[in-house]
Amino acid sequence: MPGVVIQHIPRAPTAVIDALAACGVATVHEAQGRTGLLASYMRPIYAGARIAGSAVTISAPPGDNWMVHVAIEQLQPGDILVLAPTSPCEDGYFGDLLATSAQARGCRGLVIDAGVRDVRDLTEMSFPVWSKAVFAQGTIKASLGNVNVPVVCAGAAIEAGDVIVADDDGVCVVKREKAAEVLAAAQAREANESDKRARLAAGELGLDMYKMRERLAALGLRYV
Amino acid sequence: MPGVVIQHIPRAPTAVIDALAACGVATVHEAQGRTGLLASYMRPIYAGARIAGSAVTISAPPGDNWMVHVAIEQLQPGDILVLAPTSPCEDGYFGDLLATSAQARGCRGLVIDAGVRDVRDLTEMSFPVWSKAVFAQGTIKASLGNVNVPVVCAGAAIEAGDVIVADDDGVCVVKREKAAEVLAAAQAREANESDKRARLAAGELGLDMYKMRERLAALGLRYV
Amino acid sequence: MPGVVIQHIPRAPTAVIDALAACGVATVHEAQGRTGLLASYMRPIYAGARIAGSAVTISAPPGDNWMVHVAIEQLQPGDILVLAPTSPCEDGYFGDLLATSAQARGCRGLVIDAGVRDVRDLTEMSFPVWSKAVFAQGTIKASLGNVNVPVVCAGAAIEAGDVIVADDDGVCVVKREKAAEVLAAAQAREANESDKRARLAAGELGLDMYKMRERLAALGLRYV
Amino acid sequence: MPGVVIQHIPRAPTAVIDALAACGVATVHEAQGRTGLLASYMRPIYAGARIAGSAVTISAPPGDNWMVHVAIEQLQPGDILVLAPTSPCEDGYFGDLLATSAQARGCRGLVIDAGVRDVRDLTEMSFPVWSKAVFAQGTIKASLGNVNVPVVCAGAAIEAGDVIVADDDGVCVVKREKAAEVLAAAQAREANESDKRARLAAGELGLDMYKMRERLAALGLRYV
Amino acid sequence: MPGVVIQHIPRAPTAVIDALAACGVATVHEAQGRTGLLASYMRPIYAGARIAGSAVTISAPPGDNWMVHVAIEQLQPGDILVLAPTSPCEDGYFGDLLATSAQARGCRGLVIDAGVRDVRDLTEMSFPVWSKAVFAQGTIKASLGNVNVPVVCAGAAIEAGDVIVADDDGVCVVKREKAAEVLAAAQAREANESDKRARLAAGELGLDMYKMRERLAALGLRYV
Amino acid sequence: MPGVVIQHIPRAPTAVIDALAACGVATVHEAQGRTGLLASYMRPIYAGARIAGSAVTISAPPGDNWMVHVAIEQLQPGDILVLAPTSPCEDGYFGDLLATSAQARGCRGLVIDAGVRDVRDLTEMSFPVWSKAVFAQGTIKASLGNVNVPVVCAGAAIEAGDVIVADDDGVCVVKREKAAEVLAAAQAREANESDKRARLAAGELGLDMYKMRERLAALGLRYV
């Protein structure tokens, strides 16, 4: 039944996507009601990357990276590849050649619930990857998968065109149609946080700033 | 039954604590009879931090970071926050706002058998954290826990005021009342090691330096 | 039954070994038919190391590092220590003193299916280690193991004198007697890749470069 | 944002559901193109159960089982409860009292990506559960979640009313609107298998029955 | 520093211990404020055992079961052996010979944060074990550990003489000095539950029985 | 490079193999110097099976079970299939049809470092399997592997014709050429154990029976 490539996918506006990247994963996750996180085992191959982009999704058989080539043709500048294997796998589906090709098409990075290799080259190329494993295990090109169908990647449901936000804290998905709304909430949250940060840095306690003492006492907190 | 904050805890002398930090985790662990290590999954969010401090302990419900606010009020300069959830959890209890507040009170770092977020900010702030996971998952403020009660954190029993030593090798706890004694043993070990290091660097073999050959032969070691 | 040290082991030519290091783990693994990788949990203690060397193997009891001392005497310049515990263990068998000793004898690094400690010192010494864990847990010197016998390390069968290649992607073993042949294949692969890389960087698609479109269509790939 | 209970959900016909149960997980999974499996860590608390039912889904905060009570009211005879925590958790959300209540409403079992307790009682009651863990850890009733919203449970996307099939092999989800079609394919597969089984039992080889020899030879299989 | 055997330990009254066994792990854990559980990976080697007893604790080096022999001499009828290795280990410290010896002294079972073997024999002997692993790996008798010192076993702090309760749900520890008080709370809980069970079995909803509807509505639960 | 089937493999005498089965995994493992165990995650799909047989090995690509068909033709009565994937995989390579075929040729069971399905059928057929996972995930038939080449399966090096012993304690491999010698040692060990068992059952302590007290005292064991 696999073997479908959906060619035309909707994308959120670039300005919204870029602004979500600036907010970062933790803020965006909070702004949309603490939803959308991928599992904590999805770690970046190097520290410091902070990106957002439209998901081009890949559903691939275990140990078969053929559909990555197919997906690369579907990339537009600003996209992020998202690969979910059809059963658990940590093989190295992706390395420096594929990254070169993806980067040439404007791809901003890869999120893969499997393995990646050539991580030194990828780091030098500034092509960020969030993966389940770093593993050199080669893959084959024998079976079809799907491109731009809905996938579950590292525990999160992702559709093509959804906005992926990724940084040192991990990866978060924002539903495309809610991207602007989430951005507004995230930016409001950020504005709110800088004031709090200053007060906390000056020594004010969260207990006072958030007026928690009374509620804690009501619940029975005892100081001894 | 939770809901207790113990306000006055004994602490080891600052000079002892700081000297333990200089010895490092591996030496301190050896000096106290190979005890006190937290589980190996407790990893630092960035390399190079090397701290020691008095434990301010937090026992918190899964996914609820309210007691962190309560604990921060109990911090004195030189303390380290130690959080153990009451059941396994990897949610992100702690981020840059809490770190700002803790750092404003002189806190040296956090040891948490759960998740942490905003790791890029924490790195820039030089606020070190040893955690089970990096995970942006937000937490709530709904239930009471305890502050400065004995906890088991990542497999180690820790009481408030015990000395926490943490570096790139992980985390070790030293019972407060034994801190001076352990320090003496650790420093003796260090003195002893620098001589050994020089001899080994010059090419002398451990087999000879430690006079192991005879005992190995007695046990039947065969060179073929 | 343990207690054997095999003193004379064959080694591959240094030029072959060094050239394999330059090819890197992913290329070497591909060049020998996608075999030889150690498990993906074997991670370097710091980024950027890229080595190859002849395996000096150690089979050691859990929590007992005595045979490391025995193995160090067997090291020749260019060797790599490979330690496999006889049952799963993450204790810290190896630290800065042993690294000093091994480095003094020309050892290029350690591959250990267990724990390592003093990782800050090892990093400063530029002594690379690929391990299952970073863990300060001390070990004893009570029981015999074997040196230079065949071992299974992190899922790979390794004999003394086999060539170990290790970099940021992990660890790969090359059978000693095939080292030259594998090198030739690896270098051919590399030559081939630089042309591909240039074409991909210029925007050519893998679908076209590898002439995949027809085969994909034959299997039924549908663009919708 | 949580706090929604969807009361009216579509369900597949009972006859289809029951027939899917009879086919079993492996056959149903194959019949729908090898899709729909939940992760392999979802294990039954006792052997021999084989059920299917309509999913009543629960999205619950970590360590908070309040929404299970809410969901039970939504149960109709033949339903299966499906619980996904909003972050990883193995607490025991469900025990014999809740099972008594669910069973009284005709619930056929529970699929939970978290923990379950009172497993001896549940076994005696013949109330089957597939879970990530058996764990007695108690939960609270403090925060809202959702009932009958789409969830990702153990890696599978599930909507309320989808058909859950569960047996000793694990758990599979069938999209409600495809249930009849999948059943037809599963039954065709079963019919086909009984003939094959007889021939294999009589000693015929799969190599011959499936006419594989020629294709294997063409790919280069060598008998030595 | 290890090498201590504490010979005289306090124990809770047998009647209290036996009554705690009858309550079971989940009820006892709840009765003491949801504390005392060992990690969920501690699983019984066979279903149906339900025991309680006084802990005779063993701190043992990895892969060394010598102290089990020492501990067996300290057993009194009704005791349970509790073994915690000094670093993570899954070797098979315990098998049918040790079980024969322990059973001859009235030992009711073993709780071990490591491996066990001869599980078929142990099952036939009705000697229950809760362990981290079933693993035949043999152990040595070379190093000292401690008997009846405080240990951390599978995440729980346990002192000699504490009451261990274990059944199909896992393992729970009750502080000896609180055993009677916890029992009273557990029995009260049980009495309370049988009424609830009957009402739930008759179809009454938890929402009504626990009067949850108003509080849920107040928090904003929406039925749609 | 894969694609080899070695047709003629040596086997140990049936009498030796059957006698090893009677000894069981723990005894055989001890008798050969505590070697040969497969990883503890290899668990039987049902309790009570106790088999031994000659290994027919399969090296298979991830998610591709084609070579199982090829291997079945190579089976002789008394053999055991041993499957190692070329990269980590938990797909269900094997189910009731393959078991029917294997059993028709006298195969005694399967040891697979991956998944198995149809476990209810396999249990009813009395076809035992030791596996890493129970998982219904289907596999394909697209790529070649090898039959009867040396493999590493769950951490143990296994050659075709080696004797596999498997029971409730797990799986152990005995090198074919040492099978008779290991059997003699195992039987000697068993004879020795029955006397010990009787003495321990009568209340004699291991401390006395093995004359451990003096050595413990010499090492400094202190009774307090």
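Which chain is which? They are A, B, C, D, E and F, in the order written, and residues in each are numbered from 1.
Simple rule for what comes next: contacts are C-beta pairs under 8 Å (C-beta built on N, C-alpha and C of every residue); 3 or more make two chains touch, one makes a residue touch a chain.
As the structure is a computational prediction, the values presented were derived from the model and not from experiment.
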item: Neighbouring chains shared between chain C and chain D, ordered by label; value: A, B, E, F
item: Fraction-based call for chain F against chain E, same above half, different below; value: different
item: Geometric centre distance via CA averages, chain D-chain B, whole Å; value: 42
item: Distance between chain centroids, defined by C-alpha means - chain B, chain F (Å); value: 42
item: Rounded Å distance, chain C centre to chain F centre (Cα mean); value: 28
item: Shared interface positions of chain B, touching two or more other chains; value: 34, 37, 40, 87-88, 90, 135, 137, 143
item: Full enumeration of touching chain pairs; value: A-B, A-C, A-D, A-F, B-C, B-D, B-E, C-E, C-F, D-E, D-F, E-F
item: Touching residues on chain B, where the partner in the complex is chain E; value: 1-2, 32-35, 37, 39-40, 86-88, 150, 152, 155-157
item: Residues of chain A defined as touching chain C within the complex; value: 3-7, 46, 66, 69-70, 72-73, 90, 92, 95-98, 100-101, 103-105, 115, 117-120, 123, 133-138, 141, 143-144
item: Residues on chain D engaged by chain B in the complex (per definition of touch); value: 61-63, 87-91, 135, 137, 140, 142-143
item: Chain A to chain B touching residues, read off their complex; value: 24-26, 29-30, 34, 37, 40, 43, 47-48, 50, 167-170, 172, 193, 196-197, 200-207, 210, 212, 216, 219-224
